[in-house]
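Each of the next two complexes has chain A plus one other chain: chain B in the first, chain C in the second.
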Partner chain A sequence: MLKRLTSLAATLIVATGTAYAAPVDGGRADVVIQPEPPSLMLGLVQNGPTQMVAGNIYESLLRYDEDLEPMPQLAKSWEISDDGLTYTFHLYDNVKWHDGEPFSSADVVFSADVFLRKTHARLRTSLEHVESITAPDANTVVFKLKEPFGPFIGIFEGGTMPIVPKHIYEGTDYKTNPANNHPIGTGPFKFVEWVKGSHILLKKNEDYYIKGLPHLDEIYWHIIPDAASRAVAYETGVVDILPGGSVENFDVSRLANLDNSCITDKGWEFIGPLSWLWLNNREGPTADVRFRQAVMYAMDREFAKNALWNGLGAVAQSPVSSSTRFYTNDVTHYDYNPEKAKELLKEMGYDGTPVRLLPLPYGETWQRWAEAIKQNLEEVGINVEMVATDVAGWNQKISEWDYDLAFTYLYQYGDPALGVARTYISSNIAKGSPWNNVEGYKNPKIDEIFEKAAVAVTKEERQKLYTEAQQILTKDVPVAWLLELGFPTIYRCNVKDLVTTAIGVNDGFRDAYIEK
Partner chain B sequence: MLRFIALRLVKAAVILIAIVTLNFFLIHAAPGDPAAVMAGEAGAADQIFLDQLKEQFGLDKPLLTQLGIYLGGVVQLDLGFSYRQQMPVADLILDRLPATLLLTITAFVISLVFGVLAGVLASARVGKWSDTIISTIALLFYATPLYWAALMAVLLFSVELNWLPGFGYETVGGGYTGFARALDIGEHLILPALTLGLFFMAVYMRMTRASMLEVSTLDFVKTARAKGLKPGIIQWRHIFRNAMLPVLTLAGLQAGQLVGGAVLTETVFAWPGIGRLMFDALAQRDYNVLLGVFFVSAAMVLLFNLITDILYRVVDPRIRAS
Partner chain C sequence: MRDFWKRFKRNRGAVAGLAILVLVILIAILAPLLFPQSPWKMVQRPFLPPLTMEALPLGTDALGRNVLSGLAYGAQVSLLIGLVSTVVSLLIGIPIGALAGYFGGIVDDALMRFTEFFQTVPNFALAIVLVAIFEPSVQSIIGAIAIVSWPPVARLVRGEVLSLRSREYVEAAILSGQKNSTIIWRQILPNTLSPIIVLASLMVATAILLESSLSFLGLGDPNLMSWGYMIGAARTVIRQAWWLSFFPGFAILVTVLALNLIGEGLNDALNPRLSRKGK
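On to the complex of A and B.
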């Protein structure tokens, strides 16, 4: 009873707190964007920095909360038929494009069925399950599926299905359309200017369809190529927000401890970045499952988390990130155990053949991490050669399977069918991409489970299948899982409601405000 | 003289084509291509997506055909299109040119004027304490790595003292116009220009000093002294003019590189110039942008070499006679 009272009191305090802190209109946010995006046309380019800026210009039908439950965006409500085959979305009816033209269901049909099918590789795969996309009236869109597809409700996010204006793109060459340099969306902020190498300016959309939003007048995205200079920009007050990955990890705690400085690792639940070492399952020592298990035991991942990632994130226990649906902890665990690693190596008769390790060329943190892992592996008797390369070279080496061990991290997009299966199913073994089954793992049982789980109708059924998949994979160790990455957003504490969804700062400025 | 210039121009054109061709093959020899980088950044790529990009970039054609197409464009002064930045390469370079020129010319002028003056001063007082101080400072500037000097300058003047902005070309969103804007840009210019200028200042100082001392031991200087000319006249009219030849060569080389920008300084100070454009293009394998920047830089080096050679003939009549 006492416990209940206390929790009630806490709720009340929070509730009253909220009532007093009414959002303030006005002001500008100065944010770092790194690296400079190649384009802001979200329908054509979906890399990290593009999503971060353009996620405020373009929108999709839904947003997702921290538990990945759908929330309204362009769709104010939606229904899913009992057989899981029909998804009906009801759109807001007072939405306008930034050029003043009215938005309607025809734009959604054009975007999903025509434009993005051509330009968006990731969405194209999900749309293979769709039989038809229709617009019975101006405010309703209906997606009919060929078969149930479990993760379907998760594909209506801004970076996955950005809605683009039909009146501008229909019948044109999408990639050279002049509007690409002046993006027109429905989002809370309008594009104003992009001074290449300097900054991008977005201004409040005064006609936004949700009254009272957004609160900020302007967002300036600063393009600063050097990580140390980005830290200085925050320290000297030129920028107020450092999205995840803006500064080197060793600067994070120093900046977070400045006056009026807050830090959060929330907002990455949908994306769920999970890091691992690709292990080449085809040849060399890494082809032996005992060697791969030995690598798992040899790595001190807790140390890496604390020393290199400021204690943020979590040690990966399974191929599915703990924020992704259908995660299970009921798997084989690999705690730091060098002795066990040595035993396994002895059992397989490892003869000291050197293995090549490719760090991820994304800056100091990753370089240091590679050095730490090299040391871990050498301590159990594995000979490691580091291979230095830049991003383009890394892409090519991975795509052509020219490695033994290689760092990477990939996004999970909230559902194993979207972001996990692609790494382990054998139909995804093909040279030319660094994002498919690069390790060359083949297991018919795993293929079958992932295939079944994607189209299973009930949650319980899917959970059962994905649990089994995680148990098999953690035994076979096709790749060596490292950490669920915690990317910290550092910001001035008077910036409120910056990260309110599972997509974090990519769509966070809609609700953000600056307390006076 | 005209025949000399015409001959040199023809030679320069041939060298330029050779440079472009060599660069073309060097860049294509690096692992990865722009399509793979862009597909990689999208976080997902299938064969259809990659093929689309390759076709769009013209990467599906044989390498020699690609070279032919590129050279055909260059001859008509068309440097191609950057699909990554969705802009013609020439526009990208012209966009970045003012910022780069402002930085490099300021640094060039600072280094040349103060470097030469300090060199003359030191040579006039050789062995005295003022020479020792100047030479030591020059050695310090010369030996300090640029990026380190840049970071230390930012730490001291921006973070600690808060006197000067630590990066950028102007105050973003400051809304300054006219004279106020010029002042704002000037404020942003001080740290990068000094950082870049100090190194070259040291180089000019050391070269001027050495060259002055060398010339001052020659016979014609003794003759001038014997004639009873004033030391000032000997110093400036006789020694200085002759000692300037190697300095001029170096200045000519540096002037040719002004357009190429300063990769390190521009990166540390977030200066939106050509050096950074080139650096980003390299990481992204944006072939056309890289080739474009190399082409313009090479053309400028050749042009300034020609100008230096002409200046030689003006400064030193002996070269004209030969």
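On to the complex of A and C.
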């Protein structure tokens, strides 16, 4: 295993080197999509598989590189006023929708101000800071804010603000519009057909506004429901690209070690999936901060990373993922230390009250992980009872706060104000959702810091506030952070420039090409 | 009793089966002594093949847990669930069968239609539904297995009771004014014992298989290391670690085979005339 892991790491390094040859046009990319998306209308549905396919059909104003710095997409340039209140975008002027209609700033205003406000909850929250969205001319859009909002430049990503065609949707019922079955975007690929349970076919947009792009003729998304069959499909050459999460982790090293097989864990920086254990702060042993710290010390997270995640990803040091802006390493660290955990339990006088552990019902890796954590905790003297559950039961138990410890992972969307604050601020405590402040952590100081940091103007000021928040949180341990998940994308090495942005495969096919 | 053992001994397969079963029972009882550490403990690096380390003759699984220790503790779970669920289904099946056979008429009709209702639903599907509804735990698994396995018992007992019902000694008991319950309990049931014992030994085997299948599908008690769980967990890694599914599979095969051989032997021993006829 160790040997295999090292060679895996070696391929990783090779894979991250950029291509030097000139791109080649033509060819078809055969990709796995898992699970089958419920819809391809990105303005209405934003779950993982929808973003992955439709991110090549729809576009937003910007893309983001690995450090989450904005790059041009529909906007070729942009300016932010010194007071942080006015964002001006200059759009490409030769953009056409897939049905031939011209694209203009009116589409952007319609999408952001009308359509998405209605359909996109996550964006709606960010748009609360916006006073007006206007289009002074056909190629300019101006966002005026009520107050400075630090993460604002980060919301122009495809899955967050997909631009939809005004001429098709204006004045219609968005949910029942027939165009939802044949998505029309501005992206590098056009929708051709979707045979449910079989495949989704996209073809090259010949009129794409950036000359010479895309390189590929077609993208063929294979829908294969069984994980083992997906692995076999890659081995036998039916598919050439396995996006993150499409095969079981146990198959990753074997597939990555095949001939002409490359692997990368990049392309998830924007989403920044961070896993943790919810700890019920309200009642039971988990209400005691010493117990929660003991849990952190008791877990061998490095082992879980190597045994279950192929050594990909990283042990989480803070509530902010290291790929997210404003991460700091200057926090309380919890290395594997069972002795320390035992001491803390003794100090609090833990009496052996059993705690319930709820695994995440997302397959074998998560089940094994729960077993490993249970064993870790039992070795320091915590009595753990594992509760079996399915996805619906898991959602319900978490939403109703009926658990002691529970696995989860959430996305960070590049900025603590978007993806971190929601887990820890007390105004976000409400039954009924498994994604809010489920653990019931209340700290007025933390509330105040997150509130201030969201609207602070300068980067330095925000960094200072978020550093403080991370220091407080790592001391209080409201939840037990596990790993920054590394979802590997496995692909044939002759597929080049596939993962070049912070959302990876989701918008990567624009630049990808297949070397002959 | 000595006669019984003599006849049982004549069936060599049955003796072998008994030997294997005794061994499995011993391993189950002695598991905590043989392996003081929990079978869930991660003791070595993951995916250690068999025979590479003396202390771990069967290697380790995906989390570096001792496969041999898992097998020993798995024997406990399989035997416990097999025995208890069989006892529970006997407790359901025998009274229903006895009442139906003894009273006949409308009672028989009602009870048999009820039994058939359970027989028409596929066993395994019903067990899955029951376990899924009540959340997987030892109790719910035992309950589910018992609920799907009692109908054959009821039908067997009913048939036996029907034939015994018309015997003279039963009629004599009725005439002597004994209560119905006494007649069933004292006169009839003791004479149905031998087929029930044979059936029960086979039911334990079926129950072990059912529990393994449930665990394989991830519907086992998540706090218990069982053979079915071990195979289910090994399924995804079968290409790189054959031993993880092979050994627990072998354990299930051997145990179930042993129980079937014993059932055969019991049948020979308890119905001597029946068995001789066939040979």
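Just so we're on the same page, the second predicted complex is superposed on the first by the 496 of 516 C-alpha atoms of A that agree within 3 Å, B and C clash if a C-alpha of one lies under 4 Å from a C-alpha of the other, contacts with A are read in each partner's own complex, and residues count from 1 in each chain.
As a convention for this text, contacts are C-beta pairs under 8 Å (C-beta built on N, C-alpha and C of every residue); 3 or more make two chains touch, one makes a residue touch a chain.
These figures come from a predicted structure and were not determined experimentally.
> Answer with clash or fit: chain B and chain C placed together on chain A by superposition.
fit
> Considering only the touch criterion stated at the top, classify A:P225 as touching first (chain B), second (chain C), both, or neither.
Only chain B is touched by A:P225; chain C is not.
> Report for A:A22: first if it touches chain B alone, second if chain C alone, otherwise both or neither.
neither
> Should A:E248 be classified as contacting the first partner (chain B), the second (chain C), both, or neither?
Second partner only.
> Just to be sure I read the superposition right, which of the two partners does A:T125 touch: chain B = first, chain C = second, or both, or neither?
The answer is first: A:T125 touches chain B but not chain C.
> Using the touch definition from the top, say if A:P359 reaches chain B (first), chain C (second), both or neither.
second
> Once the two complexes are aligned on chain A, which partner has more residues of chain A within touching range, chain B or chain C?
Touching more residues of chain A than the other partner does is B.
> Check whether A:T389 is in contact with chain B, with chain C, with both or with neither, and answer first, second, both or neither.
In the superposition, A:T389 contacts both chain B and chain C.
> Would you check which partner chain A:E371 touches, where first means chain B only, second means chain C only, and both and neither mean what they say?
A:E371 sits against chain C, while chain B stays out of touch.
> Considering only C-alpha atoms, give the closest distance between chain B and chain C in the superposition, rounded to the nearest Å.
Distance of closest C-alpha approach: 8 Å.
> Do chain B and chain C land on any of the same chain A residues, and which?
Looking at chain A, the two contact sets intersect at 228, 389-390, 393.
> Can you list the chain C residues touching chain A in their complex?
Interface residues on the chain C side: 38, 40-42, 45-47, 62-64, 132, 135-137, 218-219, 221-223, 233, 236-237, 239-240.
> Which stretch or stretches of chain A touch chain B in the complex?
Chain A residues touching chain B: 28, 30, 35-36, 38-39, 45-48, 121-122, 124-125, 175-176, 180-181, 195-199, 201, 218, 220, 222-226, 228-229, 232-233, 235-236, 238, 389-397, 399, 410-411, 430, 432-435.
> Would you pull the chain B residues touching chain A in the complex into a rising list?
Checking each residue of chain B against chain A gives 30-33, 36-50, 56, 83-87, 92, 95-96, 99, 151, 154-155, 158-159, 162, 165-169, 172-173, 267-270, 272-273, 276-277, 279-280, 283-285.
> Taking the touch rule as given, give the residues of chain A at its contact with chain C in the complex, in rising order.
Listed in rising order, the residues are 1-2, 227-228, 248, 250-251, 254, 303, 307-308, 359, 364, 367-368, 370-372, 374-375, 378-379, 385-390, 393.
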